[in-house]
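Right, one structure below, let's go through it.
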């Protein structure tokens, strides 16, 4: 069993650590807010005082944080991961940042004699807990082969899709479709509803039809009732849309449905709903259609 | 077993007749081009010389044709279904037309003492042959109850969604999502491809991800290779998009992703690809991105 | 001076008749609601009891009505224009209908031995009263030459753009830009306003900038205050957008900004604002941005 | 007459310096490539070796560079403007950057005891040479009053629109409309052309219609023939669109026509046309419509 480090103990990261502990690994963790790590400390995780200390204590260090700024905050500076990592060690970044940011970080890690791969995941905590999470990997083939057994302790499907940053591009390319599919779903539900079909029946029929992706199956019912806690809120969804549009501009790929759907996420923020699950797109479109929903009060 | 009539023996209609014959029903059929009906005649179907003759010979007559004009062609005029139908008989229309057209026809059928329901289906011939086809029904509850056993001989899920025309609205509300999901899929595949992932790998990852609806699972690979024969060509897909936009305007529901995706179907026609499967949206976007595909030659 | 007929005495048509009377022409008019014609009768116009009677009494008959259905209502049937027109006479249609509808009507007029041109106008009543109205003409060159002096009594610029229906296509191609320019203007004003610039200053700067088309100059200030009476209401503007989209589909021209802007006209209807000037697009977008306007109450 | 400094001697900046010299001001200039400044040196401009030297020698220093990175390059570092500026001096930034970048720079300038205003201009070199350029100013009222006479030597209309950064927001809000108006114009021209009107006639009619903004009047004819040198190329136009979308997200203003039009600028880049005037949007849409243009070769 390897000595592992894990920086960023949010819902997803924390559950991964729990899983790695169960598999028998030694894990040293770090989180900005220590109190959120207590349940993991109770399970045997060591807590370190800085990202640098985590990397120094570990053969392989994971990072899983919110965005590029948060990633820089844990990798750079005197207490950063880059100060603790060294020859023969590995860094696995699971954050969703742009491929460019990821490649720039990989270059810095290599200057220290270590190597980095990007390994973003698609799926929710439930998927992780069920042991069904897919992991896409970008980076050197040899590093991938070396780290694969470790990643298999997280999820059953681990795929090498290309060089550094490429797994992130893949994830972004998948995630833009979440928002567009949801937007089209909202258009369909409102058409059905205004045609005289109850919203419940419309959602039921659609979640059993040819357009019922796994995402539509679990998120579709959110147009009837927002979940207690957002699974993926408007701000998070929009972050991924912006990464998709940024990638589109860099690579010269027009992304028209992404661009249009994104404007409805902006509208959701205009209405003050940025912390709700992004299924709240439905309430934006409903308001534009003169239909009242629960969210609108 | 009832005496059934079936007008419109295309791929979908013909296979339904075959299924009804297998179940032991007597079927009288009509098709504009008689030669296309030969395989069904060989299976025991009687061929009638006009829609009127079909309706006169049957307790329940199905129609399944391309659009409103084709429907009028088989229902109106001296040889039309309306001349052959009468008290106590039923008409089941499975064509995709607008809810308004459907309601107007139902009114005419009732003037003859008969009743009509709209029963559009979602799904392909393969779904039908596997016995998995869903049927949505709009119309009077009593007529629905009377005809339900018959419809169950076609598919296992038969749902009454509301009054006349409402099942059509439901179908249109589902089908707009086919084109939008496909458009977003194309955006994603091209982003992945230009990021350095092969088109095959991108399609493979996506068809196993959270956005993989049944439609994406079977149509996604068409961006690698158009099928020999279009499953649903650009013109047919655009017909449904126009019905969705027409419904949106009538009911005051904005349908922004539908509207934008529809423009790419128009572009496909601008490029001369209207007879290809609507997955050819990929080739439109690829051309705009400077990427060459097989379709472009 | 010719014997003229004029069918459709709304704001625009009525003012044209007033102008033609001033120029010394004899005018026989017809309007569904006779009371609206009283002011013209007071100026010397003869009132006829049917479109047929107008056409029978005149060498040249104008029609200027709301849409294709209204046009059919005054041309077809036993009291219609087609029953009164005959060899050597002319019909000038100024209604905004599709090029196809116009061409079909021209064919019927020719069967009677007469000829028809389409002559839609761009501009408002004020432009007409100032004697600055442009008239575009579609139809046979000889008929155009014959009728040109008469049209010059309406406005100073009369241009032959092509065969029957083509002047309508030209008008539709211009008018779609009204809605799109207005939509972009709304986006700009709201960006400025939320950046801390007063709405008044933003409108003032923009109506004196490189994007200040004549339309923006007169309609821009409507985002500060809707006019007492709509200059061009949401329903009328949307009618032209639908004609543009219909033309786009027929000719295989994608019209993406037209399609997207049209959805905001639909939203205006969803909010119950269909009778307001289409500048109310601003209030739709403002609501989506969390900004309150006077229209929203 | 004041001692002026000018950093960034491109087409626009260089012509401003020429104008300021004509008015009798002393000007010290700096440009990365010295050779481009020779014509101004010939007119009496002093050339300094660094931005720092310019600021040290001047009471008021202008900057006019391409983007935020270029601005940082001339303001920061040991040779930067900030090292040369001091108490009682002024900095006028005319670059198009985001309001945020501008405000951050203003804060740094104030730390040095000097003050900064943002003064972006709308219009082209021709407008400047004709003495018709409008200047919008963001910043402290007193600084504006102090610098106004100087700005009037550049153009006749100088308006204070608000605090620092606000003039930039105003400019961005205007400029997004350039691309959207052009996109709608392209849709209209292609509809007219495919209806049988020559492209030349369509452009002529439109540039004399209600949608003919100053921009459409001069850029409209570019769809017939690209100018020898781009007036505003695809990359520059897209830069402003991205600033608009960034502002929209920050302020929660949906900008749907901006977003959609921007995708056609991306497509122009996909086709290799990024250095052409952004009127090349026409050629993108023409290609999607199956229409051949000169640009496509």
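By written order: A, B, C and D. Residues from 1 in each chain.
Definition applied: a residue touches a chain if its C-beta (ideal position, glycine included) is under 8 Å from a C-beta of that chain, and two chains touch if they have at least 3 such contacts.
What you are looking at is a predicted structure, and each value in this text was computed from that prediction instead of being measured.
Under the contact definition stated at the top, the chains bordering both chain B and chain D are A, C.
Just to note, of A-C and A-D, the chains joined by more C-beta pairs in contact are A-D. The chain with its C-alpha centre at the largest distance from the centre of chain A is C. Work out the mean CA point of chain C and of chain D, and you get 37 Å between them.
Here the CA centre of chain A is 38 Å from the CA centre of chain D.
Centroids built from CA atoms put chain C at 52 Å from chain A.
Within chain A, the positions touching two or more other chains are listed as 248, 252-256, 260, 264, 267, 270, 288-290.
Within the complex formed with chain A, the chain D residues making contact are 238, 242, 245, 248-249, 252-256, 259-260, 262-264, 266-267, 269-270. Chain A contributes residues 99, 122-123, 134, 136, 157, 159, 161-163, 165-166, 169-170, 172-174, 176-178, 180-181, 183-185, 187-192, 194-197, 201-202, 205-206, 208-216, 244, 247-248, 251-258, 260-261, 264, 285, 288-290 to its touches with chain B in the complex.
Those residues of chain B that touch chain D in the shared complex are 256, 260, 267, 270-272, 284, 287-291.
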